[in-house]
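Listed after this line are the structures, all set down as structure tokens.
In what follows, chain A forms one complex with chain B and a second complex with chain C.
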Partner chain A sequence: MMYRLPPREGEWINREKRLRFDFEGRAFEGFEGDTLTSALAAAGVMTTARSFKYHRPRSLYSAAAHDANNLFQAGAEPNQRGDALLLREGMSLTAVNTFGGVAGDRAAWMKWLSRFLPVGFYYKTGRSTRAFPHFERLIRRMSGLGRIDADARPALRERRHLHCDVAVVGAGLSGLHAALAAANGGAARVMVVDENTRAGGSALHGAPDAATARAGLQQLTAEVSRHPAIRVLTGCCVTGYYSDHELLIAEHDRVDGGALLLRARAVVLATGAIEQPPVFRNNDLPGVMLGSAAQRLLHRYAIAPGRRVVIVGANAQAVALALELAASSITVVALAMLAEAPHAADASSVAALRDRGIELIEGVTTLAATARGGVLNAVQLTTARVGQRIDCDALLLSTGWSPTQQLALQAGATGRYDSTLYQHLPQNPPAGLFLAGRVNGVYEAAARARDGEVAGQLAAAFASRQPAPAIQRPARAEQPHSHPLPLFPHPRGKEFVDLDEDLTLADLANAAQEGFDSIELLKRYSTVGMGPSQGKLSNIAAARQLAWVTGRGLDAIGLTTARPPYQPISLGALAGRRLSPLRRTPMDDWHAARSAQWMPAGNWRRPAYYRREGLDAPACIAAEVRTVRHAAALIDVSTLGKIDVFGSDAALLLERLYTGRFANLAIGHTRYALMVDESGTVLDDGVIARLGPQHFYVSTTTGNSAAIYREMQRRLAEWRLDCVLHNLTGHMGAMNLAGPRCAPILAACSSLALNEAAFPYLAARLGEVAGVAARVLRVGFVGERGYEIHVPADDALKVWEQLMSAGVQVGIAPFGVEAQRMLRLEKGHLIIGQDTDGITNPFEAGLGGMVKEDKPFFVGQRSLAALRRRGNRQQLVGFEMQAADAPVLECHLVLAQGQIAGRITSVTHSPSLERKIGLAYVAPALAATGTVLSIRDDDGAVHAARVTPAPFYDPKQERQRSGALS
Partner chain B sequence: MKLIPCPLNGLRPVDEFVCGGELRPMPDPATVDDARWSEYVFHRSGIPGVKREWWCHVPSGYWFVLERDTTSDRVLGSWPANEVPPQVAR
Partner chain C sequence: MNAAVNDRAWWIRLARPTARLGLKGPDAPAVLQQAGIAIPTHANGITRSPASALAGLSRCLRLGATEFLLEQDEGVEAVQSLRGRAQTAGLRAWPVIRADFSALLGGTEVMMRLSRLGSFDFESWLAAEARASIASRASTSSPASATACSVVMTLLADISITLVIESADPAAPQLRLWADASFATYLQQTLQFLSPSTPCPTPGVHA
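Let's look at the complex of A and B:
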């Protein structure tokens, strides 16, 4: 049973401040500074979790979030990592994978099914289509971790961007020295990031003289935190390494932590090493833990791992651990050194162990743990001579290490197995990335410090683009610190390689025998290393088992690809605040005050229609249409793309970009403009006005404005024309005043001459409207006399309001996008993107007249020539439904002889004509006027329609050309 | 996130850029046959290797030519559109 020790020098907890929490309905107390794991350990809770598959009792294992045993549900937040999360007052925790609580998990019977849950279970059961639905239901109920609260409100989390010259990951001995050396070596901004709540790493673990080591570390951390160029971030885990030295950092010591993105010029990884457990029967019992876990509990939280401790060891750290625990008055019964251990206790260690009453057992060849009541009660081991059983309540494992190389591998380094050190070492880091300390294979304390210094100097030089200083790096360890093959298969199994996924040695051997004998295939088939801890404790053991089973070397086996995240990060932290810009026109507030119902248009929002008291949406829209047809109305078109084109080559640019002719466009006139891409597909349309000999004013559709402007810029750079572009989209507000009675309204606000001779259809004039300099275009998109008035955005609302008040007498009203769509459809005008798609060419869309093929060159010309020769495969036609109430919608299909022969792109009930009209692409054979089309609706019913030439309304186009000047 | 060297603005995050596709000489539309033209319009080489592409720094509206190796994800150079050196055989 774990218990809290008396206060220790340097502990991370504040015993003055007690925090209450409950776990699985029981009340507990911890101290400020405790993690969830340490608080439960100090309270003596042995079983804190249940395993994923067999629901075996589990407890803390690494105390460093290298395992995923201690995952808790904290309120609405699932899968909070107990090893990383700090205890808060009033927390309410439950284990994540239980049926009825961690103590009496009703799913514990799953362990009896282990022989029926072979490796590759999912794949095997999935092969029987009859059995799979049953298993799917069962798997869905039994698997998965944590509980998502679907009603929880999404919390807005911070996402911050940070920049530095040198980033140091890991604030241990080598990391702190690297930071100091970098800052003293000229780096102006050094950032040290550590996942723990305090700096220091493992510097104190196993130190022979604890007091001296502590004093040295305190001095070092004080020096680092005092340094003006160094900033230390604790409780922050670097979890992703992205291009050009960008680090994704999770604030992982609190439930609602956010994410940081740190851009560095150079990076030092001083991430240390992860202790790798030996694999033996019942190695997952509560009470079994890594030696480094016991050291973390002891030094940080003053917790003893048990009342009777046995250590299984293979290296110098195991010996040091035994002496260190004994020095803290913890009863260590025995230190059992594995056979073939690379380290043997020297004479002075042997004497020290004897003095402390610790039995030294050497040459251990088999190993297994036994349980009573679901927790560890003894370890059974054999040496060359005898087998023995030792009662214990804590079994500490200290048999080897693997460098914490995940970030280095993400950055592009390769992890190569060193067959003299029995461990992997990251090789060939990319330029600007430097490794220091144990991740670099340097173990001895003084060498780690020196390795950090050198890495810091190299990083500082790289960050300031200086040549690398010629410095001798300290030598890597020559003696191994890891056992070459700490796997102990047992006839009765239950030797867990992967605690996340409940995979045993036999599972991996079976997978290899079934042919999944490459490490990547083994991972995918068996799921080893695919759990929440991402194989931090299992990947190496799995590689060793695969090497053993297949008789290959570990260097030939390799490692699976390392990908972010190194530690889990919540999706909320990645999402951040989800900023998406919303553009508002200058008249936005005015619309909102008149009950505008909004619709998105690119990044903008536009009024779909204005709600009227007592009317539903179709009635409001129909009323707006009638106002345009019979009086006058105003629509906000500020969202249109608006580009000024100046220069001696301005006309040439437009001639090359658009299908039409613009060199001969007279000053003061406008022309419809159609743009196609190189394949002849319709891209965009708009109106081009010529305002001067070298000045054109181009409008584009709302959605394409940014892309068209960008394409114009590219062509300018490519063709090197004497031309300047000025994007006025946001600078200019625009409104369309339309309707048979619109001219007097404009006349009341402007001195512009509006009679037919002075300002004919399709003319463009510069003048003042409401006292504001305006560009006024005579347009006819909605099929009535209309004036598009473009003014600087700051003055647009003023102009809009003056027009509205000048129009009160004729009954002016604003109209929205929905009414405009009906009005243009009555005129048969198409909308790019609605009545065209990714393969529409101008001929098929009925825009062939806009293509001036005899120009010297324009984009798409060559393709259009080929398309004209080929002939149309479909044709855009107008149609009219025979029954005005037919439930026909956009995208419904046109049928001919039971085959698809076309589709509807626009359809509406025309308020002006009291008929249902639309546009559709049909096969050329069906395009003749009067042809009866069969249109199938959602329910399969077929409705008759008749091909009708557009425009449906005012076919002679008289209204937009003249219109009464009454 | 990658950093892209813009000849006008220096090293900027890739977020600020739009890639405009590979730099490909257009065959003379007056003389080219349909097959060659359709090859030019519709076919792109997806073979990993050194590519020259149009890139645009969007906030400044600046187009330039960037050379990168898509196998190693390394940028090899970038130039204003009118200062692109002839491609070296690799």
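Let's look at the complex of A and C:
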């Protein structure tokens, strides 16, 4: 059982400050500086988790978040990593993936099903289409980590952008030396990022030459922290490496940690190495852990890994670990060195072990652990001479390393297996990325320091675009620190390669025998390396097992692709602030004060309608429609795209961009404009006014305004026309004054002549409205006499208010988008995006008359010619429901002989006509006036409608041209 | 709308020039030069002093090779005069309507706080402007070049903005910001939420 030791020099905990927390309902205490894992370990909690598939008891394993054993639910936050998260006062933790708690997990029976859950069972159960839904439900119920609280208010997680000349990832011996060398080499901004809460890395605890590494570390750390050009970020894990040396960093030591995006000119990766466990029967029991985990517990948190410790080793670190623990008064029963270990204890080590009462067993060929009460109680091992069982409560594994190369591989480096070191090494890093220390295969302390210095100097030179200095890099290690094949298959199995996914050696062998014998296929089929720890402790073992089973070398086997994130990061941290840029018109406050009910329109908000006392929404909308039809009303159309086009080629640009003709548009007139893309699909529409010989004013739909402006700019650059564009959308307010009595209102506010001769339908005039310079367009979208008034945004509210005041006598009212949509539907006017979709061409939409195919050129011309020859596959028609109360909605289908023959795009009850009318795309055979359509509603009921010519209202188009002038 | 976040570390204040004009077109530089304005020699530059180089304007931003934003903080005559000049027949320079939202931002933490909303390297920009400011004070070159500073067009809080540094003093940096006026409320709210004294935004507060 783990326990807290007396205070140690250099420990990371503050014993003056106790922190209370509870785990699975039991109260505990830890110290400030403890992680969740260390606090539970100090309290002697042996079982802290259950495994993913078989619900086996699990506990601390790496103490470095390299495994996914210690995931906790912390309040509403699922899957908090106990190894990384700092303990806070009052935390309430539970284990994830249990049914009834970690101690009495009711799903522990899953272990008896292991023989029925072979590798790839997901795919095998999926073979029966009848059985799969059942299995899918079962699997979904049984699997999944953590619990999402949909009602929880998400914490604000900041996302910050940082920049530096040289980023150093890892604040160990190599990293700190690299940072100092880079800063002294001229880099003005050096950023050191380390996932631990203190700088120092493995130099603080790493055997065997920890003493050498630690010597001078305090001074080095102080020098780095004092350097004005160096900034150290601790508790931050670089989890993604993207192009142009952009690093995604997770603040992972607290629950509400955010994300940092660091862009560097050059990067030094000094990320060290990850200890790789041997694989043997019951290697996942609580009490079994990596040697480096024991070192972290000891040096950082003053925790002993157990009261009777056995170490299984294969390298010099194992020997040093045994001596180090013994020196801390921890009972080490035995050090068992594996057969074929690359390192053998020398005479002095043997003597030292003997002096401390540590039995040295060499040549171990088989290895297994046993349990009592679900936790480790002994290790069984054999050598060539003898087999023996050793009682113990902690089994420490120190048999090899793998470079922490994931970020280097994400950056584009390649991983190569070094058959002399028995480990992979990253090769060929991209320009600007430099490796230092153990990730580079350099192990000895002095060499790591020098390697860091060299990498820092190279990075500083690269960042300042200087030629690389000619510096000799230290040699990589010549002696391996890893066992070549630490796999110990057992006749009774349970040798776990992947603790995340409960995958055993037998599972991987079976997968290979089933034909999944490439490492990428093996990963996908078996899910090895696909759990939360992303194979940090399993990928190498899986590759070794595959190499062993297939008889190939590890170089031929390779490694799976490394992708971000290297360590998990919450979606909230990736999202950062919830930014939703919302545009408001100049009259926004006015609308809000008049009970406007908002609706989104592109990224704007617009009044859908204005609430009236005692009326429901349909009644309010109907009242607004009546006001437009019988009096006068005002709608805010500031959201329309508005673009000025100047220059001698302005007309030519519009001729090419739109299907219509604009070169002959007279000054002071407007024309409907339709835009299609190269395939002839309808993109946008609007009105174009000619305000001068070289000046056109273009309006676009609200949602497309930015895209159309961009397209205009792109085409302008492509065609090199003498033209200047200016996007006025946010700079101009606009309002549409409509209704039979609108002219007198405008006349009261403007000196513009409004009679038919001076200002006919579809004319455009420049003048003053309410004393403000305005562009006034006479248009008729809603089917009544109307004036669209465009003024600078700063003055728009003033103009709006004056028009409203002037209209009081005729009963003017504002109207919203809902009424506008009804009014235009009564006129049969379509809305781009609602009555068209991503494949609609103008002929199908009834806009063929807007296509001037005889122009020399316009975008989409050839496609439209082909489409015209092909004929329509659908046709937009107006229809009228035979039953006014039929519950027919947009997107309901038109049926013919039981088959889909069309769909509704717009439908409404017309207050003006007292009928239910709409627009629908139907097969050409159904498009003739008078055809009866069958429309299916949500409940499957079919309703009759008759194809009716549009416009439904004022078919002779007289009302736009009429209306009182006084 | 209230943009009054005000402390030493971080403050915002609305900036309201009395007149503003955009000028676009191949002849725009010539129009301004003929009016006696020392236009920035390159795009993304600003001239804001001395007064003798601005013909009554308060600042002249060159947003592109042939695109300018002109502002006058007091009076309207200079802007009106330029509008008149540009409308001279035959010139390929068009006065365009500008109704930008503009504000002054400042405080010792302004760059750090902006880095939460935009990926631009604000800190190195400030340092470069400070160096340029020191160099220009030591220089004896023409008045126009003595005040040439950079204009940055970038994304902040997911919208397009234009920024200039008004004061590069690291102890009290100050920026001037322009954005589309329709985003004024959104931008002010978002910037105000950066204040430590302001509670965090609730989801959908902007909608």
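Going forward, the second predicted complex is superposed on the first by the 906 of 966 C-alpha atoms of A that agree within 3 Å, B and C clash if a C-alpha of one lies under 4 Å from a C-alpha of the other, contacts with A are read in each partner's own complex, and residues count from 1 in each chain.
We take it that a residue touches a chain if its C-beta (ideal position, glycine included) is under 8 Å from a C-beta of that chain, and two chains touch if they have at least 3 such contacts.
Given the structure is predicted, the values throughout are model-derived calculations rather than measurements.
Looking at the shared chain after the overlay, A:D244 reaches chain B, while chain C stays out of its contact range.
Contacts of A:S863 after superposition: chain B is touched, whereas chain C is not reached. Of the two partners chain B and chain C, more chain A residues are in touch with C.
Of the two partner chains, chain C is the only one touched by A:R584; chain B is not. Contacts of A:A717 after superposition on the shared chain: chain B is touched, whereas chain C is not.
Residue contacts after overlaying the shared chain place A:H163 against chain C, while chain B stays out of touching range.
Of the two partner chains, neither chain B nor chain C is touched by A:D391. On chain A, the surface patch touched by chain B in one complex and by chain C in the other comprises residues 261. Across the complex, chain A meets chain B through its residues 242-244, 246, 261, 678-679, 709-710, 713-714, 717-718, 720, 725, 727, 857, 861-863, 866. Against chain C, in their complex, chain A makes its touches with residues 153-154, 156, 158-163, 189, 261, 263, 576-586, 588, 600, 604-605, 638, 644, 646-647, 695, 722, 724, 726, 728-732, 792-794.
Against chain A, in their complex, chain C makes its touches with residues 22, 24-25, 66, 92, 94, 96-100, 115-121, 123-124, 157-159, 180-186, 190, 193, 200-204, 206-207. Of all the residues in chain B, the ones that touch chain A in their complex are 1-3, 18, 20, 29, 32, 34, 37-38, 40-42, 54, 56, 58, 61-64, 73, 81-82.
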